[in-house]
Amino acid sequence: MGKGYKTIAFYPQRCDGCQKCVEACSEFHAGSTDPVHSRIKVVEAGGAFGLALCRQCGEPQCVMNCPAGALEKDTETGVIKWDRDRCVNCHICTLACPYAGITYNVVSEEVMKCDFCEGDPACVKACPLGALELKRGAEIFNEWAELEDLVVPGISACLGCNSELVLRHTLRRVGSNVVVATPPGCMAGVGTVGVNGKTGVKAPVFHPLLTNTAAMLAGAKRYYKRIGRDVTMIAFGGDGGTADVGFQSLSGAAERGEQMIYICVDNEGYMNTGVQRSSTTPYGAWTSTTPVGTVLRGKSRDAKPMPLLMVMHNCEYVATASTAFMEDYYRKLEKAIEAARRGMAYIHVFSPCPTGWRFPPSKLIEVGRKAVQTNIVPLWEYENRVGRIRFTHPVENPLPVAEYLSLIGKFRHLDEEQIAHIQAQTQRKIEVLKKFTSEQTTTTLHHAA
Amino acid sequence: MFHSKYLIVGASHAGLSALDAIRLIEPEGEVTLLCAESTPPYSPTILPYVVSGEVRAEEVFLRRSDRFERMGVRFEAGARVVSVQAGDHSVELESGEKWEYEKLLLATGAAPSIPRIEGLEGVSYHVLRTLEDAEKLRAAMSAAKEAIVLGAGLIGMHAAENMLKAGLKVRVVEALDQVLPAYFDPRGADLIERAFLEQGIEILTGERVEGVAQSGGRVELSLSSGKTLSGDLLLVSTGVKPRTEYLKGSGVEVEEGVVVDDRMRAGGVEDVWAAGDVAQARGFFGDSKRVNATVLSAVEQGRIAGMDMVGDSALQPYGGGMAVNTYTFFKHRAFSVGMGKVSESEDDFEVDQVYLPSSFCYQKLVFSGGYLVGASGINTELDPGVLYQLIRRKVNLEEEKGVFSAKPLEMGRVLMSQVWR
Amino acid sequence: MGKVIVCDGNEAAAWGVALARPDMVAVYPITPQSSLAEYISQFVADGIIKADLMDVEGEHSVLSVLQGAALAGARTFTASCGQGLAFMFEPYFRTPPLRLPIVMSIVTRDGITPQSVWGGQQDAMTVRETGWVHMHCENVQEVLDTVIMAFKIAEHRDVMLPVNVNHDGNYLSYGVEKVEVPDQEEVDVFLGEKNVNWHVALDPERPMGVDPLTGGAGGIGPSLFVKYRKGLCRGMQNALRVIEEVHREWGERFGRKWAPLVEEYRLDGADYAVVTIGSMSGAGKDAVDMARDEEGKRVGLIKMKTFRPFPRKALCEALSKVKAAGVVDRSVSFGWNSGPMYQEILSSMYFLSTPIPAISFIGGLAGADITVDHFRRVIDETQRVLEGGEVASEPIWLNEST
Amino acid sequence: MYEIRFHGRGGQGAVLASKILAKAMVEEGKYVKAIPSFGFERRGAPVAAYLRFADRVIRQTTNIYHPDCVVCLDPTLPRSVDIFEDIKGGGVWVQATKKALDEVQYPALLSRVGFCDAFGIALQVFGRPITNSIMLGSFARTTALVSMDSLVKAMGSVAFRDADLDKNIEAARRGYEESKVYDLRGGMEERA
């Protein structure tokens, strides 16, 4: 691992908009608390906070687009330095930067950007709520690596198992004040609950039935609430235990607003027991119960739209996620942890399976990435208090689905007609989702239901 | 015969961007950058500032001298390509040298577009596309007293301002009815024009030049209105056109520029890419392929081309180019993104405007079906980059439109924090 | 002293629940249990039961939430029957091996099909081999008392098993009697401190993997699994002793002495006996009294209260006092073409020095009544085999003609 | 032991009447056992409920086949149901009707009959034909087996779904007061 550069991380849920960071920045750079001089800006609109601040990007657009060579990333510190002498005040950097990280100062009549205050940012020190933290760039992702890995070494997942990735990363963040449910499926099969009296997780962990994960967790949570203990409930259900036989229990728990984080690790079938079909197995996919022969050509039905169904249950939080977009997942997990204090938080993690889907383990992340880029797996979230779906990684010009399908053995047999079906369904799915991006649509549907 | 696995022709934004993208994936393979001029890489966008003296010519280069060496890239200055043999995977230079390549990127940019005006070929005039042009113009300015600028685009307007500051009397002639027609609507253009007029620059819009003649050290222009103008310095700044003359007979598909697909692959041949001002690529708003000569397009197209050349699986196809620019003049600042010129009377669009002429302030947001499609501003606080991303990413603003129209700066930043962080 | 109320069996069960102070109750309605679910809900609404009410979406989740709650340390109760019990079966037959002391009323109901929503013990008898303790009540007062005792039995350290308190659908669910409701303080003392998850817990303060994969061929798996199974069997056998102890203590404390395992009624000097279970026993006793007092027949009655664990020793002791038995079941053992209780009594006779003739009667299916007149016939038929008559290979169906 | 059979139609409250009377009999110091009959219950369909009381513990938890008394909550029911089936000789009949004794048919073995225009009273008190409380009053008047005080106490401990307690007490009192009781010689003879 490289040394990593420092950067300023922002935790909007801790921010109350007090502007102390802004004052501190102005004070440091201009000797005045006038916010006009601040390189950091915290603004409020529509009940949420936005942060405009240089991200000290790895591939900085400001640098790439500056016609004067006035911006440069310092390879020692990672700070993007602005050279006043070379700057011609053309402002193309303000157009190139997606983050409003470099802005025009009407008093000094030049652009300005965060320079890290010589390595000890004043804003971070000034924040009374810990909403700003100075971290190494890699730490924003890898700070979780410093948290205790609650999964024991040597659990028996397949090579390149995405579900194990989800399990380890999630439990690190959620911590050990938790009750972990891993219903029958890959998560349990790899030994989370252990074998012969041993355990695979350094936290209370259990096998619910395949059918009752959400109900059992709800029972435990209710009792802890009753006796005044704050314990997080988290489930790692497979798609079978979630969308098939476990659905009733999950649906009931969601309707009752049971407080838990329910993570569906969707590997699109029963990968733990010989690759059988589930209701989230996609159209056309080979499984051992949707085989390919002279008459049948893989699964003949489309996958159940599980996350959308959970939106319609009025969950506090619903999101889709992919390990190919870890930052996106981390952020959603943070929101889920918070939402689970109020009700159910459901995250549907797309979880490609090298073993069951027939692709090399080294292609895991690429499969995940292509799924998103083709819109096979749109990344979005739904916050009940916002009341609508928001794409967290909109893909407006998706790659053809064939670029995803061709990576995976379970789709090897698809003919043109089947691929065309998948392409059309993918488009349709996006169009349906887009309807839910309007608050009115979602609210109306809830009332109608 | 020289050989390079990756051969990049042209060393401005697009070429440099492609270079970085290639090196991100492939740290070893041969990469060669051919630069027609004898200088290190620079951006044509910097030239007005060289003219004005804000920056010295030797300080405009985009890469430090040791950069290419550290990257293991061969940089060839003064290497002007005169022909491409796509079948042989080779190019020929003006010097007669031949270079073989496995993958070729054409990033040769654009040249000034000279209008057909009777007599123009016979007079001495300036253009502004190279560092050499800039130095010549700067030298000429010091000796001249009265300048005529043909074309009120960004180059012309910048130059006019610079010449005024250098003490010249300046007149700008523009065939269309407004200045900066590519970026601003009439109201914004009027405001900008007002600043120029107040500073004493004469602007003649709606005037075509019918003929040019030279007598002694002076050029004389006859205009369509019957007026004549004369001056001792003529700058022709009527736009640019892709440099494609060296592609004749190469098989590379050229219309206005080199026609490319969404991975910047050139049509008609194998293993050739094009990016930047030379490329004719998808337009963002569903319009036909066109040349979009902006820095942002060049950087993005160059990166996509480089990624595709090196087989980077993270490649996202080109989403299309749109008109984007920033413009500073007489201590004022302006920007324009996307369909900023749409007028409020047009169907299918919703336009929010703030117009405060006394404060020299104008702001305009254009929506279509819940999406932002254009924005422009003069002396506003808005973040052009955030607005540009809201358009590019097609962020649905239907629900936020009320808040967004009232607080575009704040809401833009909140959305930025939420959507792409 | 408690208070006297007049209520039906479903309400009595709810009073028992209230006095046991559970932390969590979960209910899903099904005839004839529904009014019990309603009483529980109303009692929670009125603060009589100070528990969290989990009004979940089906019996499967009912027992599932209680399992989660019990693993977190909660005292729990629910009730079901018939198809509800069948739907609950997956978590149901997992509860005993989890050793969770959940108490559940089965308001017994016959099985479908043909469709029938009336009483009958087919549901309880069908699930008799799952490791739950099963006790059957005779009247409304016994329902109330047994529900409370059930918690003490279930949570006893030597038992740690779930308990079903069964009362007959219709006859006891809706049957109204005068009932004494004990004082809360008395019940609190009787039940003592609860500690339901000392042995298995989902608690961050005592992290453990609950229910690891065990078994398979090779390694310690199979022997470990056997250890767990034997532990469960031992818990069941311990329950026989604990049920007796708890009933004895109940009698001493509250003055009502219920036979814990097997009740012997007028066996002194009896030559033969009828064997009953549940609410039919009252009519049986009246019939025995009449036969003895008015007709001089030497007949007595054996009532089974505890059916699981099967009280073989107590039953054999009772049977050893007579020379013939007529066994009246309210359900069917399809495999044996008899009543299930009859079949198990035959098994018990292996342990008698001399087996005795016995007849299987099946009555009261699908809500049918078993009256004093029916028992007259049972007595007559049993007397016939006592006197050397042949034991038919078929059961006698009491309600075959109405 | 005294056995009572209630007849009514679904929705008239026969089952609740048997439960209230059970409570009232407990107030009178008796042991009780009340059971509803069960069938495919629908609003308007004939239903029955059983109540037995005695001075000692009642063990039988069964239906009643030979009642000492029949209480019928509905004036039209006797036309469709044999409410007198297997009634004991000297039995008592309490009937909701506005007719007089000579307008109706009944078995000769009855010893006493109580009639009450329960429908008429119910419409006045409740605005709906709910007759159970009224007929309990009529039962008390006809049989003198239970006091109005005990009935009122018993009514106080049940939850009425259709009207409040006061109205039900008023209804029961009017049932008591407005009943016509006939003593039948023939019945007495047969009883003897």
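Letters A, B, C and D name the chains as they come in the text, with residue numbers starting at 1 for each one.
As a convention for this text, a residue touches a chain if its C-beta (ideal position, glycine included) is under 8 Å from a C-beta of that chain, and two chains touch if they have at least 3 such contacts.
All figures in this text were calculated on a predicted structure; none of them were measured in a lab.
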item: Pair joined by more contacting C-beta pairs (C-D or A-C); value: A-C
item: Centroid spacing, where centroids are CA-atom means, of chain B and chain D in whole angstrom; value: 100
item: Separation of chain A from chain B, taking each centre as the mean of its C-alpha atoms, in whole Å; value: 37
item: Chain A-chain C separation of Cα centroids, rounded to whole Å; value: 51
item: Full enumeration of touching chain pairs; value: A-B, A-C, C-D
item: Sites on chain A touched by chain C in the complex; value: 176-179, 188, 191-209, 211-212, 215-224, 226-227, 231, 248-249, 251-253, 255-256
item: Chain A contact footprint on chain C (complex, rising order); value: 23-24, 26, 52, 54-58, 60-61, 64-74, 90-91, 94, 201-204, 206-214, 219-221, 224
item: Of all residues in chain A, those that touch chain B in their complex; value: 10, 12, 41, 43-46, 48-52, 59, 61, 64-65, 67-69, 85-86, 88-92, 94-100, 103-104, 109, 327, 331, 366, 369-370, 373, 388, 390-392, 394-397, 399, 434, 437-439
item: Chain A partner contacts - residues on chain B that touch it in the complex; value: 13, 16-17, 20, 42-46, 49, 54-55, 59-63, 262, 295-296, 299, 303, 313-314, 316-320, 324-328, 331, 333, 335, 337, 370, 383-386, 388-389, 393-396, 398-400, 403-404, 407, 409-421
item: Residue ranges of chain C touching chain D (in the complex, touch as defined); value: 4-6, 8, 118, 139, 168, 170-172, 174-178, 279-283, 285-286, 367, 369-372
